[in-house]
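Each of the next two complexes has chain A plus one more chain, namely chain B in the first and chain C in the second.
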Partner chain A sequence: MQMSLLIDAGKCTGCVQCELACSLENEGIFNPAKSRIRIFTFHYEGRFVPYTCTQCAEAWCMQACPVDAIAYDAATGAKVILEAACVGCKVCTIACPFGTVNYNSDTGKVIKCDLCGGDPECAKACPTEAITYVDADQTGYERMRAWAVKTDAGSTAIA
Partner chain B sequence: MSWTGNILRVNLTKGTCKAETLNNDWAQDYLGQRGLATKYLVEEVDAKVDALAPENKMIMATGPLTGTMASTGGRYSVITKSPLTNCVACSNSGGFIGAEIKNAGWDMIIFEGKSKKPVYLYLVNDKAELLPADDIWGTTVWHTDEWLHKQHQDPMLRIAAVGRSAEAGCLYAAIVNDMHRAAGRSGVGTVMASKNLKAIAVRGTKGIGNIKDPARFMAAVNAGKKVLADNAVTSQGLPTYGTQVLMNVINEMGALPANNMQDVQFEGAQNVSGEAMHEPRKSDGKPNLTTNAGCFGCTIACGRISTIDKGHFSVENKPEYWGNSGGLEYEAAWALGPDTGVDDIDALTYANFLCNEDGFDPISFGSTLAAAMELFGMGVITTKETNGMELKFGSADALVWAVEKMTTGEGFGKDLGLGSKRLCEKYGHPELSMTVKGQEFPAYDPRGIQGMGLAYATSNRGACHLRGYTVASEVLGIPEKTDPLVTEGKAGLVKAFQDATAAVDSSGLCLFTTFAWSLEDIAPQVDAACEGDWSAERLAEAGERIWNMERDFNLRAGLTGADDTLPKRLLKDAAKTGPAKGRVNDLDKMLPEYYEQRGWSNDGVPTPATRQRLGLA
Partner chain C sequence: MLHVVIGAGPAGVTACEMLRDLDAAARITLISGEPEPPYSRMAIPYLLVNDIKEDGTYLRKSENYFPDHQIDVQHISVTAINPEDKSIRFEDGNSLDYDRLLIATGASPIQPPIQGIELPGVHQCWTLDDARAIAARALPDTSVVLVGAGFIGCIILEALVKRGCQLTVVEREDRMVPRMLDNTAGGLLKRWCENQGITVLTNTAVNQIAEKKNKLSVSLDNGNTITAGLVITAAGVRSNIDFLTGSNIDTDQGILVNQYLQSNQEGIFAAGDVAQGRDFTTGGFAVQAVQPTAVEHGRIAATNMVKPDSLSYPGSLNMNVLDTLGLISISFGQWMGNADGDSVVLLDDAQYRYLNLQFDGEYLTGASSLGHTQHMGVLRGLIRSRVPLGIWKKRLMDDPTRLMEAYLGSVQSLV
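Here is the complex of A and B:
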């Protein structure tokens, strides 16, 4: 079964535990500036929004890469940077419509979420389940259930 | 390690920024943040210095766990000599800038001297510059925050700034970071403004990688996070209601000071409680509280993000206040509400927004206003001083008027900026000032919670709940329940809380973890991260050393044991209602035993043997 990160911004408190966990896994140090997942704070609106790569099926970053340095991991569905092959041309950072591929000037390579090989650290670190790792074909399940329970038939069920 | 080993020394007189190596021997004795920065202060600054003179220094310090994944590991403290109390000032804040300073590669920043012209510190990793602040001097914290982000075209800058109140000389001005977190107490912002330092803007991208034993550290961090997640206070009470969970609880036990501490219960408490913040309002169906929020790395997330009712008189035609910002925490809600007799939650939230926007301590402000209201009731302060405003207890109009005067320190705002002690002295009634060592009380009446009386009287920064929070034991039963109306055993309790708190405040962690954690939960995290063997016992001993060091500074500054007291009202006027009815605070039954347990003389001076034992000789 393929899995997917599911983000529910309404549960996020902006604590950046995910950014810390991501940087520890990928850089070996605590460094939110190098995290592949980012929390955006919208102060006036009172909202915190975690955002990272959605692992597009036909990934523009992968198609744009001139040196085949972005590979498809069939086990996880992740598009993974092959560091040895990456030449740091940054074309993928332009191709990505969502901005989730970024250049790391310390290494001269690009970085993006690779789902930690199928065990994403951000989801494990999140204290509020704002970030979960679920069945990729059923990412709408909980939201459907939440609406289902509001129907007449579901109204007696325990939410 | 876990310390970066680097100190940034900013000399504002000369306009220089220089890197120094951290004194590792001191770090082993004083850990970091509160303890370590106080060590630097007492070594470098004469305790008798005028707090607002260039000779005073101001230190922004992180702890060894600041910036790590340890839950709540994002704290920093500001250490200086206080213009409000003439004691050591040490104000702790969360938000994100503490971790940003650490990520930029610095354990602490020492500011010394005084700039000729307004400046701000722009710090990106190793690059530190003092830049002109002429365009932001005279503007609010919120404006300064926006201006600096635009000026540097960097949305990821973290900002700490002082507002107009600090520039106007308010003696309890705060340093506000990340828009609504604050090093709030004792006038640390006043000191910053006195140096013509408007703000610091920081970006750190280096990260923190020098953990002593990373695998063991993450095991300890995860164990600690689980304890917080399994504890009802830290996993439910605080995220849901914030510290405001206490408003109704403290009122019911007759320990909610009201009307400048004339009363111990407040009829309108429910209207300004954590529960009330969840109630949908009539106008737009939305509650005051939008969401809870976490500071850097915090898995508790007690922070309040709130809105004011757009139709409320305080914000009519002021759309700039219609959005979300930091909402009411318990101490602020109490000072702005019950202590002034106001139970209008929108007026309180507006006042709280302005405290953040222009950087002043809501506890000291609310308490000072309460004293002014009592003086107004007595006819000592009249409409002549207030330009016609009826400064009456319970008046939301008066609260809103006063907080607006405070922002710029104009008119009666100048008087309010003096703080309760100086204001009451000015009007000839020093007995009406509800302060210890010149600092205003927070939200627990020591007639109803006896241990807090001793904690207030002996606090090294004047009246304060965050130096020895015996409320945890006396009200919440943490770590074990003690009777709030009994004095027996409270001396030892206060000492234990004071020492443990000094250690937590020196680690980079938040004190609120101790609703669930003891030093036994914290020690493994510190030990796995830092050089040296850090046990719970060693942390408590470091805390005791820090406490005595702070005490010594205050004694050298001219304070004596006679200053370890409470206002007469709390010692002589009995509680009128509630479970503590008929009680005063029995400080005299606790203080001598406290001195004895501290290893101090009868007049409150650490004995040579005590100094020797703690390595302070």
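Here is the complex of A and C:
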């Protein structure tokens, strides 16, 4: 069964536990700025929206990589940065229309969500079930996929 | 079906993969004009500082990747195309028939018309062969003159500094990277480079290069002369279309293609730096010569090669990212602005941070930045989705850094 992150922004309280858990898992430090998942704050609406890579089928980042440094993990469906191959050219950071591949100047490489190899720490850390890791066939995931299509329709649809 | 792809850069390789995906039984031949396995020119700066070996530049890393996908790679130059009998001719006189042909021959550096440009020690930085020649000469304390401060000049600048060279950059135009950055951002980048010990001469041209006691003497139009051990020219690129003379394939700056990336000749397509395809933001036709466009072209052309007229194409968004000695510049679409469009600029001069957004009515159509590296891809999402920004336009005018919020609020309706 393919699993995916399901984000229900209405349940997010902005506690940033997900960011801390992600940073600790991936960087060994508590630094929200190094998190692969980020919470965006909407002051006017009084809302918080957690957002990270949807592991979209189009995989703009993977397509754009000139050195084969982003791979598809068949077990999780994640698109994963291969650190040893990444040269740090950053093309993927502008190719991803969701803004979820970022440059890490400390390492000179890029970072993105890899679903923690199938056991995402953000979902485990979320106290309100705003982030859950669920069967990918759930409707929420399909909605996220629909956004991916809306972003660049026309240049990807394979007739 | 016989698919022939000329050019083994990102456009050609991506096209071959797409052809294989869509047509398992097809015969696919990929023709490379260089001896190495298909590789990325973008990786050359990292090769020059030994971050990677030559195999680190290869577009596909697994050994036998091309044979495993039944893509027949041949290393030979193509000298002519004959659409009449659907064949191409090679430099050795042999020819090859095709049913569908993709021309993805890329671009080559422009050789500036400077006396002495052919002297030993004057190089361009384009191929792996060029990189080897530069690595042999760019030794610690070597005086290097870099002619051209455009994208390619800047991307190799860091490598030359890291190799310990004494660097002088000579740019004819009034600022660095004039195709990506406006005066403000170009000026900031120049100051950034100068603070790291590089001499940057804008509004300056090279008049002549001469040999002088095993060194090169570079004469500038400001009357000064620089003695150098190595001169690197990076004065822009031009589509490789000369071999098409007599083929009846329509060209301008590059090969003219329609919305299916097909040329005026049936069954002949073009992709990447050689293709003059539609530009998403201007609606016109341009050679963009950037990696994301090359890959996009490759996929779309291949799809239409397998199923004619099946995938129409609204155009590629021009985009670029450049790391110059650690200062990262990014540009998207109409970064230079729209007639009568609103714009907003955020500048932190001391911190070398700059962000410029360009609107056309309710839409974001372009942006450029210095020193911003987080979530910048969302600019592509905001521009490409063509969703009216509504309230988010005013919010971006008030605080242009709230790009992710604008995207999540407008395009994805998450708020």
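Quick note on the criterion: the second predicted complex is superposed on the first by the 138 of 159 C-alpha atoms of A that agree within 3 Å, B and C clash if a C-alpha of one lies under 4 Å from a C-alpha of the other, contacts with A are read in each partner's own complex, and residues count from 1 in each chain.
The criterion applied here is as follows: a contact is a pair of C-beta atoms (placed from the backbone, for glycine too) under 8 Å apart; a residue touches a chain by one contact, two chains touch by 3 or more.
Since this is a predicted model, take the numbers as computed values, not measurements.
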Partner chain in contact with A:Pro66 - chain B first, chain C second, else both or neither: second
More chain A residues in contact - chain B or chain C: C
Touching partner for A:Glu45 - first (chain B), second (chain C), both, neither: both
Which of chain B and chain C A:Gly14 touches, first, second, both or neither: first
Partner chain(s) touched by A:Pro32 [first = chain B, second = chain C, both, neither]: first
Which of chain B and chain C A:Leu24 touches, first, second, both or neither: first
Contacts of A:Cys96 with chain B and chain C, given as first, second, both or neither: second
Which superposed partner A:Thr128 touches (first chain B, second chain C, both, neither): first
Chain B/chain C common contact set on chain A: 45, 47
Interface residues, chain B side, partner chain A - complex: 67-69, 71, 96, 99, 103, 156, 179, 204-209, 218, 225, 229, 239, 290-299, 301, 303, 305-307, 323-325
Chain C-facing residues of chain A, complex: 9, 38, 40-42, 45, 47, 49, 51, 60, 63-64, 66-68, 85, 87-103, 105, 147, 150-152, 154-159
Touching residues (chain side chain C, partner chain A) in the complex: 10, 14, 22, 40, 42-43, 46, 51-52, 56-61, 291-292, 295-296, 299-300, 303, 307, 310-314, 316, 319-321, 323, 326, 328, 330, 332, 373-381, 384-385, 403-405, 407-409, 411-412, 414-415
Parts of chain A lying in touch with chain B, wherever the complex brings them together: 13-17, 20-21, 23-24, 27-34, 43-48, 125, 127-128
